[in-house]
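After this come two complexes, each holding chain A, first together with chain B and then together with chain C.
Now for the complex of A and B:
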């Protein structure tokens, strides 16, 4: 409870977050479909946009700064990051032999 | 599409199943109408958000699915008993081993575990419900309709037939026409969403809703294992969600993620499947460890030995479970560096697991053991699971795995860990918590019959398979020639499977018998239990605890009994209790998921869109809903407490 409990007059944070998410998503789509950039550049752009959007959502929608259980939040995010690295880097390493 | 393609035709077994399904449905409708129970069904069950009722529904589904998966198993054993049998043809056999695997893992083991955790966890931590009761109902109904969608495939459209792992390219459009594998992709997706929400729900429940005084290191071991299981669910299931979505796109919309042509990567499916799949096996085994810990400590009448080491080893197992997945496909060709790394991490899992085994043994040591049915399952688990674990370490050696891979040696190994681990735990938990669920005890004499029949049958069925594997018999072959010399061991295995089937029938009879004649549990604490669920009445009143219990140590209820002679409730301490309202929306939203899923399976997109619109409608209605639940007044609590404790 606490900080999340009060109702703002208008949810500006959510609207801005939502619009920025849409912009980032469509920008990624454009980069992939019609930018004409080389494949590697496209992948880098998409990954960068994804990371920005993930952090955006953490602050705009998930109230990451408002919680009183900071240790749990930090641990959660560190562990999520670890799993993401394991899944992505691990898959690339494992599938190297067919790439 | 012609009707003869829509319904599965041409198999006498299927026609018999059609008749059985129609008769059962007519029977259910008749009984509900005759006894005027429709309203009762809707108000008490379909719209409930009570964690105990949701748990009971999970377990009922799990037992039904155990029957379905068990019949699949018996059909396979019948076909393999003698060489060159003509009982099932190759296609039918493929479908049956596929549905057997998928159903047993996702629609039997998972709901059984989730059912027990629904019933027990809020009670063990002294809470009145889960953190998000509405979400909990939605989780259940999504699981239910996902399972239903998967199960109708064998009479409508045809079952999936590419194995429970659904490896590409076999499971893709290039090699699997028909709708069978569409069912796999869509049904697993729907029930998977439900599971993911359960994971979040129980993580929050356990972290936020523990009774005052219950620090993390005072939590009962079962609750600890569920907490860690939730972490596994939350991190593993999204991988399945994504993989299944890609599979759905490939199969239904013609994308090329896992195809052979156009730059698709068929082996990536195996990789993604097992990134989810290996944590998944720990999702079903860790709660089992928790159940055994509770049962062993209760019936050895001792505090659990090495509590902190137990917690540490669960966390260790959970951590390791995410970095071992390649051991499921050592033979795919990733090379020595990859295989060696994953071989070492896999063997490392044996260390925390070994720690746990020794902790159970030391808990039993010098205990005053009561050999109840639940305890028998737990004691049998230890040696049987060790056989499965040791052969697992053998399989973990990448070089040796080239010999064992996809042979019956592997089949024997994972049945020894999954049956001796998870299934034994489900039966132990069922017997142990049955009085808490229904207010009467499952008959012990019949329970022991089930135990001996099933446990002996299990060993007769699966032990020979290790040797069949070493003799060269491979997984998923539907028949074999007589001169291979496999016949005697196959006959033995079939006899064992039949014994397991008889054990299951005795269990079902026991449920009926105990409902009619079973000993009623008036105390709420039939086993002299140690944790808070035994402080409530059996079955508990729907708000669980009239006042929130205060926890002073591990084994909270045991301490209460020793210090205060039980859980003391003073009437002047009662306050109005806040409870969540029932809702029919989780049910009809899940029906909408089912309709949308069915439309996707058959590529009837108009139907899929209609279903999807109702899902969105449900989400919108929920967003604007202003229902904060209701309060039970103190007088009402007093009346209900007296009624529940009558005769205590």
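Now for the complex of A and C:
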């Protein structure tokens, strides 16, 4: 469990998380600006990269699963992301008929 | 709880030692869930309106890759150094904790400086909050995030002062841990601003 992190002597988890975040940031930048892929493909790729990077923050840096309430914390964040997807995707979908 | 009881003999990190601290941390996670919902409404507004540019500039005309990348790297690195601060705290090293918190603060201040310069630059180009629906929703979304970062900087300064006065206690450890959760969360929001505002704006 993450609560025992203080036994480690070197912050491997943080360094791996940071390096992966950098790779994802530059990969998303490349996909958007220089890959020449179709727009829809680009959007899917950069959104997937963003979700992966946000998960890295939550699991590698914030240790969302640690402590006795780890399960509640994880469910709480998963539910809030579900709400976010419903609000954002739902708004875009419903407003395309109006605007 | 039963399984965890035997770990309260000192092997549990300082910030989880008291029942009050554990509830404070859980409560803060629930608050972060509410923050996700708040930012979701701002993202929804922006994504519905960002192509309504009226007579003002479009996202593609306005955004500069270099500036956005500098802001992104500053905030991402500050989130990393904030993680290192907690790592040092759990090793019981106050000096290491303070040093990394200070680095985090400086990187956060650098981020805010670049963001304010970016906003001023836009306003000088005639792209103000009143110019178009795109710019209204842009400034509200990115500005709300910037306000959060500014608050985080002030909060972290106060925590550092308290650490200097009181050192490690279950209370100060819990406060440091909670401000670190807040700081990482700001980077989570920025990842989506980077992707859905800047990258999407430059590609469409």
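Here is the rule we go by: the second predicted complex is superposed on the first by the 87 of 99 C-alpha atoms of A that agree within 3 Å, B and C clash if a C-alpha of one lies under 4 Å from a C-alpha of the other, contacts with A are read in each partner's own complex, and residues count from 1 in each chain.
As a convention for this text, a residue touches a chain if its C-beta (ideal position, glycine included) is under 8 Å from a C-beta of that chain, and two chains touch if they have at least 3 such contacts.
Remember, predicted model here, so these are calculated numbers, not experimental data.
After superposition on chain A, the partners chain B and chain C are seen to clash. Shared-chain residue A:28: touches chain C; no touch with chain B. Judged by the touch definition given at the top, the superposed model places A:62 against chain C, while chain B stays out of reach. Once the two complexes are laid over each other on the shared chain, residue contacts for A:16 go to neither chain B nor chain C. Judged by the touch definition given at the top, the superposed model places A:97 against chain B, while chain C stays out of reach. Within the superposed three-chain model, A:73 lies in touch with chain C and out of touch with chain B [touch as defined at top]. Ranking chain B and chain C by residues of chain A touched puts C first.
Touch criterion not met for A:44: it reaches neither chain B nor chain C.
Legend: residue contacts after superposition of the two complexes on their common chain; A:88 is shown touching chain C, with no touch to chain B. In the three-chain superposition, chain B clashes with chain C only at 39-47, the remaining stretches of 39-47, 75-83 or 183-191 being clear. Note: residues 69, 72, 79-80, 83, 87, 90-91, 95 of chain A belong to the chain B contact set and to the chain C contact set alike, using the contact criterion stated above. The part of chain B that touches chain A in the complex is made up of residues 207, 231, 235, 239, 265, 267-268, 271-272, 275, 322-323, 326, 333-335, 338.
On chain A, the positions that touch chain C within their shared complex are 3-6, 9, 11, 14, 17-18, 21-22, 25, 28-29, 32-33, 39, 42-43, 46-47, 49-50, 53-54, 57-58, 60-62, 64, 67-69, 72-73, 76-77, 79-81, 83-84, 87-88, 90-92, 95, 99.
Residues of chain A touching chain B in their complex: 69, 72, 79-80, 83, 86-87, 90-91, 93-98. Touching chain A in their complex are the following residues of chain C: 1, 4, 7, 11-13, 16, 22, 25-26, 29-30, 32-34, 36-37, 39-41, 43-45, 47-48, 52, 65, 69, 72-73, 76-77, 79-80, 82-84, 87, 90-92, 180-181, 184-185, 187-188, 191-192, 194-196, 199-200, 202-204.
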